[in-house]
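Okay, so here's the structure we're looking at.
A, B, C, D and E label the chains in the order they appear, each numbered from 1.
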Amino acid sequence: MHDKTSDTILETRQLTKSFKGFTAVNDVNLRVQRGSIHALIGPNGAGKTTCFNLLTKFLEPTQGQILFNGQDITREQPAQIARRGIIRSFQISAVFPHLSVLENVRVGLQRKLGTAYHFWKSERSLNQLNEQAHHLLTEVGLQDFARETTVNLPYGRKRALEIATTLAMEPELMLLDEPTQGMGHEDVDRVTQLIKKVAAGRTILMVEHNMGVVSNIAHTITVLQRGAVLAEGSYAEVSGNPAVMEAYMGTTDGQLQGAH
Amino acid sequence: MNKTSKNILYGLLLLVLLAVPFIGIYPVLVMKLLCFALFASAFNLLLGYTGLLSFGHAAFLGGSAYVTGHALKVWGVPTEVGLLLGTLAGAVLGWLVGSLAIRRQGIYFTMITLALAQMLFFFCLQMPFTGGEDGLQAVPRGQLLGFINLGNDLTMYYVTLLITAAAFLLIMRIVHSPFGQILKAIKENEPRAISLGYDTQRFKLMVFVLSAALSGLAGSLKTLAMGFATLTDVHWTMSGSVVLMTLVGGLGTLSGPLVGAAVVIALENKLGEFGHLVASTTGIEWFNGLGESVTMVIGFIFVVCVLAFRRGIMGEVIALVERWRGKQA
Amino acid sequence: MATPALEIRNLQAWYGESHVLHGVDMVVQPGEVVTLLGRNGAGRTSTLRAILGLTGSRKGSIQSNGQELIHLPTHRIARHGIGYCPEERGIFASLSCEENLLLPPALKGSGKGMSVDDIYEMFPNLAERRHSQGTRLSGGEQQMLAVARILRTGAHLLLLDEISEGLAPVIVQALARMIKTLKSKGYTIVMVEQNFRFAAPLADRFYVMEHGRMVEQFDASQLNEKMPVLHELLGV
Amino acid sequence: MSALLSQLLLGLVNGSFYAILSLGLAVIFGLLNVINFAHGALFMLGAVLTWMGMNYLELNYWVMIVLAPLAVGLVGIIIERLFLRWIYKLDHLYGLLLTLGLTLMLEGVLRSAYGVSGLPYSAPISGATNLGFMIMPNYRGFVVLASLVVCLLTWYVIEKTKLGAYLRAGTENPRLVEAFGINVPLMVTLTYGFGVALAGFAGVLAAPVMQISPLMGQNLIIIVFAVVVIGGMGSILGTILTGLGLGIVEGLTKVFYPEASSTVVFVIMAIVLLIRPAGLFGKEK
Amino acid sequence: QDKVRIGFTTDMSSLYSDVDGKNGAMAIQMAIDDFGGKVLGKPVELLTADHQNKADIAASKAREWFDTQGIDVMIGGTNSGTALATAKVAEEKKKLYIVNGAGSSALTNAACSPYTVHYAYDTVALAKGTGGAVVKQGGKDWFFLTADYAFGHALETDTGNVVKAAGGTVKGAVRAPLNTSDFSSFLLQAQNSGAKILGLANAGGDTIASIKAASEFGINKSMKLAGLLMFITDIHSLGLKDTQGMYLTDSWYWDKDDASRAFAKKFFAKAKSMPTSIHAANYSAATTYLKAVAAAKTTDSDKVMAQLKSMEISDFFGKGRIRPDGRYVHDMYLLEVKKPSESKSPWDYMKVAATLKGEEVFTTKAESKCALWK
């Protein structure tokens, strides 16, 4: 077994964010295990999205530290963090609508070539990436859509493409903010399965209100409330916790539990 | 349009351009046109392919025009050095304006470029080396590479054609390069490009500098061809013209700016004659005054383009060809 | 039978050149809660938007309480007592939470709207953040605000698009209670819901959409027998 | 010292023009999402109409100070109904280009009618007050006062009234505001009308101070753009203060380093962008 | 070539359009018509264009006309910037260029060319005329309000030299862009200099605007204004009340003699305003050119120029010769603006205070740097 530190891919220490006197994230100590799917849940306004924004440096923490693979990344820029392998997905679908599906993935792959600034090279030099791109598309089930212009894809497939592009970055840690929001049941299932699949060999930290999804794939769940950690553990542990029920799940009769 | 038919068209265009002096067209006018076609293409690199509307491109055209003019006239440097210095000046100015402007997005970006260019305008108005309102006049063309005498309009014409064609090829290459691919991505969805680890500000700055440098080349070439650099080149109306050229020709198409430049230059130079012609054929006296109403007509074209003709001439042509192909298929 | 609160006949709608509704028919009686089901992109949101004239262009007939609305501009339609809670919430950044709440003008001659105090009682989060800038609220808080906002005006026909989306289960339950209360007060409600379990116990009737058309329509009592169909259509 | 004070006062006069113009620009941009390039031309129209009213119809200035802004507002309403209406859905850039086109047309027409040189005009309030350090024409004092009053009124309406709340909301999501039962198209039309009427009003005020000419709005509008960038369009009060402040700074520059007076606003813009990219009063993002 | 073509570019729409403009073109056309419309048996044609005071437009128009229209001579309208630019093109193309509207003395001095004739007036003459008169009356402390381009600069330096030579001082100058809209802050700078005389080294619309602003700010009370180049049209739009008593120097005045009055009458009938000196010069220059062509029996530039420089010119505009440097030397006039009470009829605005001998007011051989006159 690894020792404890190398097993932790991401750690926050006393992470805090205040907005003009209102503390949205309060002294949060989070440890994400390498290779796990970690879910962040909690009532609305608990500070989940804010947490994500801090981790990717879209917001500046008021206090506290963020450690990635044991290194302090608290002071780094968003693009630097992305290059380290922490990639986040957005709540709205984030694709390049007028590029082809293949080109979308290639944009993700291209950075590694180191020719992104080479304005004198032919774009044919990018064809070497095609094989890898097809491979990624196959992984998310889009192999047959490679030549399609992205706008024409249905919603769920756009999400899949987004994930494929994200995978192209070879992320060590993926941050997903409500990945199934606004999806129909079929798509929810497809994306859930996809997340499970791509989680192999990677770490995923996700925010999700859909308890069905969370119970299905998350290894560890952290419940936030009013900016602070309320509970942490497996789904069984957390969902049985009375405090969590009261703050988040609501009635104990289970009628609406996992409402989606 | 597919590649071969496009190449055939470009080939034809080149043939026509090569033949210009022999078919009775005034080469000085065509030189001017070529310079502006290059200017518009450089501008389109920014607007059409990156989605950044700069309203300060006159600064690069004009700034470089002055630098080249001054270098040739006062320092007496060789012609090719003058052109190079002008292009360099365009790049440097582009870097200065660009690094300020890309701090803001959208319409603010546009206003900042406009304001900074206006600042350069006032600077040029006051600096003694620009000749103020009088401009730099009688800039010598000199000899290219020490043995090609540019004093002859014909020689100058072919040199201009050569340089603009080369620059145009470069622009084509930029658009279809790994770099161009990222630009497209930025235009489509900038936050996503950032999250994929691209420093989009640097890409934007770089394309801004490239566009400015090429605009600078256009300006230097223009000084050389016409023999002067004046405040007109740095005035904001010049920035407006280049937007119009690109818009009329077709945003984001490679050939659009060429067509657009031709239309606008022809309009500015020949509207009066055209007015007289219409007046004499229709007998409506009003058209005789058309030449004085160039601004009005240009304004009108702007309005029409925005309201009804946003794809521009080449955009429409391409769409037409595509529809026609669709029917065939 | 009374005049329907909403009667839609052969409604067609376009976004620019793309034709999204191909002849929607739907009738809602006063006091009814009706749920629109369908896959992503089936056209449910577009139906609600078309009722208010928010799509590009539209054709057909939309009557509310016997009055034809199709030729009216959006703001006049709203004044017929239609309250709309959009899918994307539409909270205004330049207005505070409370200003957002007070923004929609109260309808003339209807005293049915909820008071601000009632609303704050129902959504304590909002009371707490009332002076915050609208878009600084969390996703869920914004959702609450979006619903709360139209309860104040006295609109009697509510068009709710995915209101349970992105809300914690506790809040979803609170919303369910709220819909029941509203129903008991005589509001007519058209809900678009992805969340079948949320909608199922509340609705009197269901419509199922596919490709811009209504393909199924049934009562709550028929729910069980229709499950297989729903399963096929929606994957529920 | 007296040079300083007198240039300061003159700067304040210019600042008042910046303030009214950038205010109108901000209001229009807010609701219509259009950078109204035509603002300069409509400013000019206000001045030219005043001249025309006084010369052809023999109306007096005080009639024109009411009539001309109304007329310009009306022109604005027509422009909005006829042209702008069709481009709201499009990228910002088209709004800018459309209004630029309108500007060129308007300037072109008046230019062929009047040429580009100044039309003769004299101040309606004659006399001057000897302030000790300078002789200040009374009319210029009136300009400062009048524009301040108008600016503050506008600020009050937008920030403190229900109407203002509609306006601010409409700025963000007009379709939704309309779905709440508010007649947004009318509001948009009137807002544009009002915004350009402000420009027209500035034009009337400017007529006796500047030379009336078809091109009088051209250079001004670009400075006003810079003012807007410096202030950041987020706040009405900020816009007003920035306008006045920059006028004064310009005045000061004329004393200390006259060569820079025409560029100082742009230099300040560059500095502000380096320190606060969103502008002095702008909100981040 | 079957026609003799004269080209004329001037400001037809901007601040100098009253001074020359369309009526300037009309004066040339009058001259052609009066000459019979033909020379050497070929019809004479006039081409005109508005250069909008922009040197680049003027230069490229001239180049295009020389290259494609077979223009034999250019007559230059207002604005020294455009004139210097056109003169360069004409020199390169070896074609005649006769300057009327522009004033910069550089045209026949530092920038002289074998193809340029400077016909009407120049800044040196203005400086010696008006500047000399004002200094003589005791106005020794000067401050200049200068139009920021070739003409303004030339006028400022030339007048400054005259003032200093007469024992006066120049306390400073402020340069305002061409076609400035608001002169107030420039005027305040002038006032703060403490000088007694404000030399307006500008023209046309700029002069009008600065005189008006000066009276608005009460500057005309503490300083005396000297309009260094003013035209009758300027007096006309300012009115006698604001201008009475001012001195100005000009090359011609419509009321100076019978021949002039006759021309003015004919001109007025067409233009509905009195001719300025530039209008008169345009007529005279065109006529002189046509005479020279007729005498040289060719339109060849060098031969016509030789003819021009060798012939005696004498008409209602003036009498004299064209010097080797291209300067047409004729008498100038120091004019004084009448009081409103003295003005008998419309456009009766000035009286001749002194006639200035051409040899004395124009650049002297000693002052000249022109290589053609050595």
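As a convention for this text, a contact is a pair of C-beta atoms (placed from the backbone, for glycine too) under 8 Å apart; a residue touches a chain by one contact, two chains touch by 3 or more.
Quick caveat: nothing in here was measured; it's all calculated off a predicted structure.
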| item | value |
| --- | --- |
| Common touching chains of chain E and chain C | D |
| Shortest walk length in steps over touching chains, chain A through to chain E | 2 |
| Pair of chains ranked first by number of touching C-beta pairs | B-D |
| Chain whose Cα centroid lies at the greatest distance from that of chain A | E |
| Distance between the centres, which are taken as Cα means, of chain C and chain B, whole angstrom | 52 |
| Centroid distance [mean C-alpha coordinates] between chain B and chain A, Å | 45 |
| Where chain B and chain D are represented by their mean Cα positions, the distance between them in whole Å | 31 |
| Rounded Å distance, chain D centre to chain E centre (Cα mean) | 39 |
| In chain B, residues with contacts to at least two other chains | 125-126, 292 |
| Sequence positions of chain D contacting 2 or more other chains | 111-112 |
| Every chain pair meeting the contact rule | A-B, A-C, B-D, B-E, C-D, D-E |
| Chain E to chain D touching residues, read off their complex | 12-18, 52, 174, 179-182, 184-185, 188-189, 191-192, 204-205, 208-209, 212, 216-218, 237 |
| For the chain B and chain D complex, residues of the former touching the latter | 47, 53, 55, 100, 103-104, 106-108, 110-112, 114-116, 118-119, 122-123, 125-126, 236, 240, 243, 247, 289, 292-303, 305-307, 310 |
| For the chain A and chain C complex, residues of the former touching the latter | 19, 22, 42-47, 49, 91, 154-156, 178, 181-187, 189, 209, 211, 247-251, 256-260 |
| Partner chain B, residues of chain E touching it in the complex | 12-13, 50, 53-57, 59-60, 63-64, 67-68, 80-81, 84-85, 88-89, 92, 148-150, 177-178 |
| Complex contact set, residues of chain D against chain E | 2-3, 6-7, 10, 111-112, 115-118, 120, 122-123, 128, 130, 134-135, 137, 209-211, 213, 216, 251, 254, 258, 261 |
